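Each of the two complexes below includes chain A, the first together with chain B, the second together with chain C.
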Partner chain A sequence: MEETRNSTFSKVVNYILLIVLAIIFLIPILFIIMTALKSNADLVKNPVYAFPEIVKWGNFSEAWDKMSIYIRNSLFISVVKVPIGILIEALAAYALTRMNFKWANALFAFFLIGMMIPFQATLVPLNMMLNHFGLENTYPGIFMVYIGFGVPFGIMVLRGFLRSIPKELDESAFIDGCGELGKFFRIILPIAMPAIATLIILDFLSTWNEFLLAQIFITKNSMLPVTAGLLTFQGQHSNDYTLLSAGVLISIVPILVVYLFFQRYFVAGMAGAVKG
Partner chain B sequence: MGKKRLIFLLAITMVLVVVLSACSSKEGSDKASSASDTGETTISLWVLNDQAAYLKPILESFQKDNPTIHVEATYYGTDPLKESLKVAASSKTLPTMWFTWGGSLGAFYPENGLTMDLTETAASHKWSDIYNSAALDMVKYDNKTSGIPFHVASLGMFYPKELYAKLNLNPPTSFAEFEQQMGKIKESGITPLAVGGKGGWDVMRLTEQLLEHFAGPELHDKLNALEASWADPAVEKSFEKLKEWSDKNYFEKGFITLDPLEAETPLYQKERAYALTGPWIDTNISGAGNAPDSFGVFKFPNDQPKVRMSSFTEMFQISGSADGKEQEAAVKLGEYITGPDIVNKYIDQYGAPALKEFTFSKQSPHTSEMAGMIGDGSFLISDQALPQAVVQKLFEAQDAVVLGEWTPAQAGQEIQKAVETYKSGN
Partner chain C sequence: MKIKYWKPWTFVLPALVAYLIVIVAPSLYTLRLSFFSWNGIAADKKFVGIKNYTYLLTEDAVFRVALRNNILWMAGSLTVIIGLGLMFALLLNRRLKGRSVFRSIFYFPYVLSGIIVALMWTWLYHPTKGFFNVILQQIGLSQLTHPWLADPKTALAAVFVAAVWQGVGLPMVLFLAGLQSIPRDCYEAAIIDGAKPRQSFRYITIPLLSETFVVVFATTLVNAMKVYDIIYGMTAGGPAQSTQVLSSWMYYQTFKFNNIGVGSAISWVLVLITMIIIIPYVYYTNKKSHL
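Entry: the complex of A and B
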């Protein structure tokens, strides 16, 4: 009886804490929503947490008119870059964990160095290389840079997950006539789906939110991503906070869709990153 | 079933990538060859986002008038433009022409031999008849013209007339009167100064006027030219005053981390009394639903016989490594954008042009008023007058003094150390 009462009490405390945390996280989003629905005069005149005097849905269509091209570009970049990056990372993780070669751990450490170099330090040499090979202002150029920076983290997550898959599966597959590629595509990759789904969410998020590299390596307005599009609402002497907020809300929709679609795998996949 | 679907998806993705990448590369090479075949000149131009409203139609009309010149414009935020230019300069990939600020911000490019020397162009195209002399002076480095003057702006103290009338105040004529007014405004429950400390440049506008007040124009100019020591008592007094105003809560609580544009917003609703800013504020006042002429402007009362305003210039620089044809086209474009016909046509959005004569905008009444106020002279704004390494130390000193981490005397000494380090490295 006492145990049940304690358990109920701890549940209530947990829920209260979670509700308070949820409110803390939701308040800024609520401010953005209310700002997105106000006119500029309304925003300046009234407190930031006040409800709009007149709801201005037109802010969303105005923001969309300016941002649609950038959203399209970001969707293209993310939809192409994320699967290619994950395929490369999965192949590398497969080789590191299941192909038993001498320098596997050293090679893994070499990949991890990529996570330790601040990318700001690479801007000038990368810009020179892309320019030299005629890859500036091209999507293949930006894909190579993005994939290069994403590979170390992806390998780290997938290597952890793949190591937890029993080796006996490989042996059975080998007996059944599978080669290395067959084992990878037919056995390992489907089992690693939780880790891959996790990487899809994280990689999509980081690609979607990336700004600095795109701003440096893409100088054609028609090719810039959504993060650069949001900057069109910010100027040297003034910011259009209402359209900026509407733009921010529009820009998070694809991330939400990807997260909702893959979130059931998310926690299971993250566990792979910390397994031996 | 699941694994088959996965393999199918991966295969489709790979095919898509190959096809789209090939399209993308082909488009680029086609464009380059057509340009060389037809004798067209393509120039790349990097400018700011908030200039797009008037630059887009200007560029369209320029290309219509000059069908053999194709302009590829890229619009950046303020900091991304600075960042992209620095990376491009280091990797020798600068555009044909770019927007930049004057003084030490723009000096980086001619100092490193990256800009076209426009001295002969300025003489042969008689720029002295077109642009005002202050603007022409501010785009020179080592007596060479390194940019096409675009904007020249000065900073004044803007105040809401309604609030002033309510408190029975008139624009102050002395520093002491200005301080008395701030005290009275604070007593009435209103924070006097709209200042945001994020980035350092908004607080710097006050610091430099305090320097003008305590050091006088001669010493102030020498400090900016690194010919006098920043450990001077006048510098200490300036920082003491800044700290005093902060301690008296003449700035908003927590202002040191506030974005300057956000800090200015309450001014539009008469919830602040002053902002030390430029005539572009008229656009923001209109955007907030008020009439620009409901605000007044006066020169910061620094008690000098000739009250100088802080000024700065903006310009277009042209790449020194672009070929002759591109440079010629870029000069043509720069002169077109900054010329009287275009300026007068777009004056409502253009800002304060660098021209000798232009039609003033009714939507920005303070542009003409401030142009008349600058007669007593001006000094170059500190973040363009000082080397950038010293500017960063000045910003650090302001924050440290306000937060009580450094004494005012220490602030001067630290800036002087940065000056000496800079000098020893050059």
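Entry: the complex of A and C
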């Protein structure tokens, strides 16, 4: 296809379309950046698309004062949740693919059912359970919930990858006197690094962007992650659009950084992961 | 290489326990709660059989709006989001300078949270200072300016436009991966046989993308059933409940009105619809992998 339609004309049309679409896609972000750089007086007086009269960086420091705690909370939740979650998912995927496990297929099907259960179907009992054990508004409670919800997807991705590793490796490791745990940590895990890197990125992203669970299980303002925190921030400054825009941008930055550095994994990961 | 029969269980155990505690047991308990009338506080729950479900279907007008909105959202996603995703992928599927820059721009909104997208677009839709109305005024179409999110007639569509901006990247990336796996020989052979570009597209590209289409359809439908963050962030189900979807209405019934039984019933309606979508998909992909 790349070769067959390579007339200059169609290439130019293609370019023009892409550029127009890219501009349309960037407008919302540019609009937010412009708003965040203005003073409120400027915003009231001049049309929204005008450049700021004077660039007001103060919006960012003011928003950062409020938002930094939410960003810190999200970072903390992600940094703890993602490695623990992936470790237990990898252990399970290992048992399901490389241990001659009689129940492997049945158990895998059982885990897959979890992909069909929307969060909503678990909220009330989970809430009762957390309250019962005094885990509401605690990080252990949050970790448990987040880790549990990550299990089906993580196992699906890792099982798919571990299955493709040749069996001969296990046999030579066995002959060299490796136990199952040794084989897992020293041989299979290093080989699975590309899949794990992808999963780390996807898992980080979904933990960072999670909103519903945070909304239900975290009621203490000082513990909110960035999604729920941003909504609280909006509630407190509902008409202060310059400050709000600065807050939105601040919460975009961590994602943008991760995105730019690990983009390869995002794209490859999404395409690969969904296919299983 | 003999492994003791209990050994695999020790490896599966942590994941299995987390899964049972967080997903399996709670969702089954929710199923049970959906047959009771309960306000979440009282010590006794009253068994009411399937009354919560019949209430939803016959009396709860908002439930019907929510169900309709989910169906509209699915239809919109299947046509607009998948259509644009395919179009973007086709535009990007050739040797171009800056191809990866374009791809990054189109995919980036997908990695943002629904809440961020919601706040951005709420500002874009602002009745007097928002981007859309100001631009309409500037180009002399001030009669078209509109309180997009405050009018029940336009609110859902307005939120959906934001969702399109956010969601196009996913099908685009999947289609792009699918397109790149089509061997070039196919197209070359077609040209030798005198096929026009449109015929190549219809008789080579589309059929060879069929597996990608299945994946894209399934993920798009499931995402459309689950939609919550962006709606909650932009309209919270309003104005006049016109943008409620099943997941947001479940939230209101359960956590705002304390109708635990009714809320549980809504969440199981969600489970059932999701199963109707996913089971054929799992069946199809399993059959494929055994061939």
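Here is the rule we go by: the second predicted complex is superposed on the first by the 214 of 276 C-alpha atoms of A that agree within 3 Å, B and C clash if a C-alpha of one lies under 4 Å from a C-alpha of the other, contacts with A are read in each partner's own complex, and residues count from 1 in each chain.
One rule holds in what follows: contacts are C-beta pairs under 8 Å (C-beta built on N, C-alpha and C of every residue); 3 or more make two chains touch, one makes a residue touch a chain.
Just so you know, these numbers come straight off a predicted model, no measurement behind them.
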* To do: Using the touch definition from the top, say if A:Phe204 reaches chain B (first), chain C (second), both or neither.
  => neither
* To do: Pick one for A:Thr232: touches chain B only (first), chain C only (second), both, or neither.
  => first
* For A:Gly148, select first, second, both or neither according to whether it touches chain B, chain C, the two together, or no partner. => second
* To do: Could you look at A:Glu171 and tell me whether it touches chain B, chain C, both or neither (first, second, both, neither)?
  => second
* Does chain B (first) or chain C (second) touch A:Pro28, or do both, or does neither? -> second
* Asked: In the superposed arrangement, does A:Asn40 touch chain B (first), chain C (second), both or neither?
  -> first
* **Greater residue coverage of chain A in the superposed arrangement, chain B or chain C** => C
* First (chain B), second (chain C), both or neither touched by A:Arg186 -> first
* Have a look at where A:Pro140 lands relative to chain B and chain C in the superposition and call it first, second, both or neither. => first
* To do: Considering only touches as defined above, state whether A:Asn221 meets chain B (first), chain C (second), both or neither.
  => first
* **Intersection of chain A interface sets (partners chain B, chain C)** => 123-125, 211-212, 216, 228, 231, 234
* Of all residues in chain A, those that touch chain B in their complex -> 40-41, 44-45, 76, 80, 83-84, 87, 123-125, 127-128, 131, 134, 136-140, 143, 185-186, 189-190, 193, 211-212, 215-216, 219-221, 228, 231-232, 234-239
* Structure fact -> Contacts from chain C onto chain A in the complex sit at residues 1, 3, 5, 7-9, 11-12, 14-16, 18-19, 21-27, 29-31, 33, 40, 88, 91-96, 102-109, 111-116, 119-121, 123-124, 126, 129-131, 134-135, 138, 165, 170, 173-174, 176-177, 179, 182, 184, 187-188, 191, 197, 200, 205, 215, 219, 225-226, 228-229, 232-233, 247, 250-251, 254-255, 260, 263-264, 266-268, 270-271, 274-275, 278, 282, 285
* **Interfacial residue positions of chain B with respect to chain A in the complex** => 2-3, 6-7, 9-10, 13-14, 16-17, 20-21, 24-25, 28, 44, 46, 48-50, 52, 72-78, 80, 83-84, 87-88, 90-93, 95, 261-262, 265, 268-269, 278, 280-281, 283-284, 287-289
* To do: Within their complex, state which residues of chain A touch chain C.
  => 1-6, 11, 14-15, 17-18, 21-22, 25-29, 31-32, 35, 43, 47-49, 88-89, 91-92, 94-96, 99-104, 107, 111-112, 114-118, 120-126, 129, 144-145, 147-149, 151-152, 155, 170-171, 174, 180, 184, 205, 208-212, 216, 226-228, 230-231, 234, 241, 244-245, 248, 251-252, 255-256, 259, 263, 266-267, 270-271, 274-276
